[in-house]
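Next come two complexes built around chain A: one with chain B, the other with chain C.
Up next, the complex of A and B:
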C-alpha cells in the first residue's frame, strides 16, 4: 500500500507577508532604528522627575503613534503591562518616598506626604512615558532583520549575533518541548504533586533538552563553515535610509520639547537631588 | 590516553567556540522566556512586599538575575554573562514586557555588566561557587542601583533596603543556586563538551 503525499515546490509556495509593525511608519524603519530611537526617547527622561515633562512626552507619544497608524485604544490594549508596572512604582514612591509638605497619612514606616504623592504621580507618568513607545516599537519586530542590522549597521561581531539568532529560533521548539515533556512525564506518572515542584523539575528537563539540542546545532553550524576565520558575506543588505534619520530627529525632539516645557513652566526637578 | 584527557580537562581556554556561543544563546533565550513569564505575574508578589514594607520586594528580583551567572558558569568564557543577560533582556522586550525596549535592554546590560565583573575580578580564572555567588550579588547590586536611579523619589531607607534585598536575592538564588543547577546539569552529561561538564569526571 503506497500513500502519496503532495508537496508544493518551495518556489511555488507563497506566504502572506507578515506586518513588521502595526504602524506603517515604524514598519518602514530599519529594526536597529527602533532600538536607537527607544534609547533616544527614554534616556533624557531620567533627568527630571516632574509631572509636566512626563505627561507632555506621554501625550506627544500618543499623538504621534496615532498619526503613525496606532490609535490610542490599541496603544492602551497593547501596553496593559506597562500600566501595572507604573502603578507599582506609584505605590512604592508614594508610601516610601522622601516626605515633604503636609503629611496626609502615616502608618508604621509608611508616610504619604504631599511631596511623595507628587513624586509618585510623576514616577507613574514617567514610567509610562518611557515604556509605552518602547513596547509599541517592539511589536512585530523580525529577529532576522534585527540581526542583519546589528551586524551591518552597528558592526557587532557576526558570530555572536547570528549565534544568538540561532538560539532565538529555538523559542518555538522550546514551546513544543515543554508540551512533550509534560505529556511524557504524565504518562510515567510523574508530576501529580505540587505545581511549583512540577514546574521546577520540568524546567530543568527543558534546560537539559535545549542544551543537548544546542550542542548538536553548533556542530551542524560548524560543519557548514560558521565560525571560521574567513570574512563573512551578507545575503541580505541592511541600510539606514532618510526615514530612519527622520525618526531619530523625532525621538530626540520629544524629550527635548517635554523637558524644555517643564523648565519654562518651573516644574523641572533634577532627578538626582532630594 | 589518560594523559591527553587530563590535559584537556586542566587547560582553560578563554577563546569562544561556536558551541559556547550557541549554548550561551540558548540559555539566554530560555531565561528570557522565564523573565517574560515573570513580567506577567511579578506585580503581585513584588507589589505586595513593596507596599507593605520599604523595599523587601527586591527579594523577588532574582527571577531577572540568573541568566548571566548561569550562562557564564556553564560556558566559562569572558563576556558570557553580559552576552546572556543582554540577549535574555532582548527576548523579554521582543515578547512584550512592561518596560519597553529601552527600559528592559538598559537594565539587562546593567545586570550583565554586574555579573561580568564578578568573574572578571578573578581574571576569568576562578569558575566556582565563590565567583558565581559574587557575580549574582553584583547582578543584584546593579539591578538595585538602576531601580533606585529610576525611582529617585525613594527615601534612602527604601532605596538601600531594596538594593540590599536585590543583592541578597542575586547572591543566593541568582548566583549560588545556579552553581547547584550547573552541577546537576553536568551530572546528566549534557555539558560534556564544556569544561564545566568535565570537571566532575576528574574526581
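Up next, the complex of A and C:
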C-alpha cells in the first residue's frame, strides 16, 4: 500500500483579465496619455506656492476622479504614501522654514511662525495635489501596453523599450531567487550573525544569479530574431483617440482654473521667489 | 523565403563544412573540423557527453553564438546555403529553462514577439499566432492569458509556439524537457510530434533521455572528442539510431546518455527500514507559505531509509520539504526530531533553531544549485559547513578535500562554483551539504536535468548516505530513481 499525504485541492485558478485602472475613464486611455496627463497636471502647479490653488486643484481632482469611478475613500487608500510624504514636508517646512509674522512657538533651532505655518500648509497641499493624480493614473498600468505606446506614439527605440520590458518580467523571478537564497544560507549554517553583512552577501549572490538569468533571457530573445537590423513590426496598435485629447484638455484645465483662482483672490505666490 | 506559395513551411537543409568555434575566453576550440549535411525534413537526435559542444552547435545553428568579439569561427555552417548567422528566422531554438524563455506578459503577445522581429504584417502575425498555439495544444488559451501562472510544460509549449510562428524551416530543441515532470515531458513531446506531422520541418534535438524522442527521429549524430589527446570536440558517430546504438551504446552511456534498453544496477537497501529509529517526524503538521497547503500531517522518517515524496507539480512537495528542513515555519503542528539529535538548550522545533544548529542535523539540497553557492572557489564552498561547526582549519579542509575526492571534483578545487557544468554544480551542492554530515538529508529534485553519468553518481551518493545511517527525504518525479533505490514512496496528492 502506498502512503499518501493529503493536500488541499487547488482552487480553480481563475485568470480573469486584470482591470487596467480602477477608473473606467482612465482605462480607456492610451497608457502614454497617463504620463502626458500627469505632466500637464502637475508642472504648472509648481509655479505658485499658496493654499488656494493647491486646495482647488485637489478638490477638482477628487471630484473628477469620483465621476471617473474612483471614490474619495479609495483615492485616500491608494495614495497613503503621498500623504505621509505630504505630512513630512509640512512638518519640516513649518519647523525650519523662514520665519515671518508672529512667532507662535520656539524650541532651539525650530521656530513656528505664522508665515512658516502658512508655507507648511501650502506645501502640504501642493505635494498632495501634484502626486495624488499621478499615483491614481498609474494604478493597474499594463507594462506591455505602455511599451507599445512608448514605441509607437513617442517613437522611443524599440530595442531599448522591449528589452526593458522583458527585463521587468525578471523581477518576479528574482523575488523567488531572493527567498531561496535566504533559506539556503540558513540551511548551510550561515543564517546567524550580523543581518547587515548577511543581506550584503546575499545581495551579491542575487546579482550573480540575476546576471545569469539576464544572459539566458537575452539569448532567448535573440533566438527569436530580436536585436537584428531589420525593421521591427508591431503586432498591436497603439494610437491616441479623441478621449485622450479630451483627457489632456481636462488635465490642462485643472491647474489653469486653480492658478487663476489663486491669482484673482490675491493668494498667488511665486514659488521661485522669496 | 521561409514559406512557399501555398503558405506551407519549407524545410531547411543544413551543411557544416570544416566548421569550428572557439569561445573568446577559452584556449581550445569547443568544436572543430565538423562536417555533416542534414537534408530538408530529416529529424536528427544530437548526442554527446556533457561538455561535448552540443549546445555550442545548437547556438551556432540558431545564429546566436555572437560576433567576432565573442569567439572565433572556422569553416562554414550554412542553412539553405546562407551563413547561419545571417539566416535569422530560418531556424527556431527552444532551450532548456522554461523560466528564461517567456518574454512577454500575455500568451498571444509572447507568441507574436518573433514575428514582430521579422517585420511581418499585423494580420499575418495574428493568423500565425493562433495557428501556432493550436498546433502545440494551447489553442484553448485566450491570447491575453497571463504567462505568469503557466506550468513548465505549458511554458515550453508556449516557447515552441513562439518559435513556430516564425515559420522556421529548421526546428532546434536543446534539451526542451530536461526541467519538466513526466507529464510536461509528454506534453512537449506530443506538441512536437503534432508540429512535425503538419509542417515537416527539419528537426535537431538534444536530449540525454533518448527514449523520449526515439519515435520521432531518423538519424543520430554523436559529438565527442575524436582524438583522446585533444580537448577539441567533433562528430564521432553519425547514422540511423539502430546503427549508432549498436556500435556506440557503451560510449554513449559513458558519455551520459540514457541508451534505451540498458539495465540499471539496483541500489536497494540491504535490509528493510522497519524497526529503525525515527529521526524526524511531522506531528499534526500544517504547512504552507501564506495559507495551509496540507493540514494534520503525521509522517515519520527513519534512519537508514530513503523516502521519496512524489506527486503532481504544484501540490506543495517543495514547500513540505522546506518545512521539514526547519526553513519554513509550520502553520500549525510541529516538525520534531529524535531526542538524540536535539541541540542543547533548544526547543524541539527546528524552525526555532539557530542556523548553525541545523548543521550536522538537517541538510537541504535545493533544486537550483546556484542558489546555494556562497564561496568563491569549490574547495571553500565545501569547507563552509565544517568550518561553521567550529572545526579547526586542518580538520575542515581534510573533510573538504575528502569530499571533493569522493565527488570527483578535486580538479575543480580552485575554480569558481558558477563556472562548473550543470552536473558538476549539482554534485558540488550535494558535497557541500554532506560535508556537514547531517543526520537528515532533504533533497529537492536531485536528478532534474541530469545526464546518465551524474544520475548514476547521485544514486550512489544517496545510497551510501543511507547506508551510513542518514535518513534521506527526496522530492522527486523520477520513477527510475525511486525503483533503483527501492525507496519508500509517499504520494503527496490532493484530497477528494
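Operating definition for what follows: the second predicted complex is superposed on the first by the 259 of 274 C-alpha atoms of A that agree within 3 Å, B and C clash if a C-alpha of one lies under 4 Å from a C-alpha of the other, contacts with A are read in each partner's own complex, and residues count from 1 in each chain.
The rule we apply is simple: a residue touches a chain if its C-beta (ideal position, glycine included) is under 8 Å from a C-beta of that chain, and two chains touch if they have at least 3 such contacts.
This one's a predicted model, so the numbers in the text were calculated from it and none came from an experiment.
K.L.:
Does the superposition put A:163 against chain B (first), chain C (second), both, or neither?
P.N.:
After superposition on chain A, A:163 lies in contact with chain B alone.
K.L.:
Does the superposition put A:240 against chain B (first), chain C (second), both, or neither?
P.N.:
Touch status of A:240: no partner.
K.L.:
Contacts for A:91 in the overlay, against chain B (first) and chain C (second): which applies, first, second, both or neither?
P.N.:
The first partner, chain B, only.
K.L.:
Of the two partner chains, chain B (first) and chain C (second), which one does A:181 touch, if any: first, second, both, or neither?
P.N.:
After superposing on A, A:181 lies in contact with chain C but is clear of chain B.
K.L.:
With both complexes superposed on chain A, which partner does A:119 reach: first (chain B), second (chain C), both or neither?
P.N.:
So A:119 only meets chain B here.
K.L.:
For A:219, decide between first (touching chain B), second (touching chain C), both and neither.
P.N.:
both
K.L.:
Touch test for A:35: chain B only (first), chain C only (second), both, or neither?
P.N.:
first
K.L.:
Touch check for A:208: first (chain B), second (chain C), both, or neither?
P.N.:
After superposition on chain A, A:208 lies in contact with both partners, chain B and chain C.
K.L.:
Pick one for A:191: touches chain B only (first), chain C only (second), both, or neither.
P.N.:
second
K.L.:
Residue overlap on chain A between the chain B contact set and the chain C contact set?
P.N.:
143, 166, 208, 212-213, 217, 219, 221-222, 226-227
K.L.:
Hey, which residues of chain C end up touching chain A in the complex?
P.N.:
59, 62-64, 88-89, 92-93, 95, 97, 99-106, 108-109, 112-122, 125-126, 129, 144-146, 148-149, 159, 162-163, 166, 292-295, 297, 299, 309, 311, 314-316, 320, 322, 325-328, 354-356, 358-359, 362-364, 366, 368, 370-374, 384-385, 388-389, 418, 432-433, 436, 488-495
K.L.:
Please name which positions on chain B make contact with chain A in the complex.
P.N.:
16-19, 21-30, 33-34, 39-40, 43, 46-47, 50-51, 53-55, 57, 74, 83, 87, 91, 93-94, 96-106, 149-155, 157-158, 181, 184-185, 188, 190-191, 193
K.L.:
Write out the stretch or stretches of chain A touching chain B in their complex.
P.N.:
34-35, 38-39, 41-43, 46, 49, 78, 81-82, 84-85, 87-89, 91-93, 95-99, 109, 116, 119-120, 122-123, 127, 130-135, 137-139, 141, 143, 159-160, 163-164, 166-168, 170-171, 174, 203-204, 206-208, 210-215, 217-219, 221-222, 226-227, 271-272, 274
K.L.:
Would you pull the chain A residues touching chain C in the complex into a rising list?
P.N.:
Going by the criterion above, the answer is residues 2-10, 13, 15, 17-18, 142-144, 165-166, 169, 172-173, 177, 180-181, 183-192, 201, 205, 208-209, 212-213, 216-217, 219-228, 230-237.
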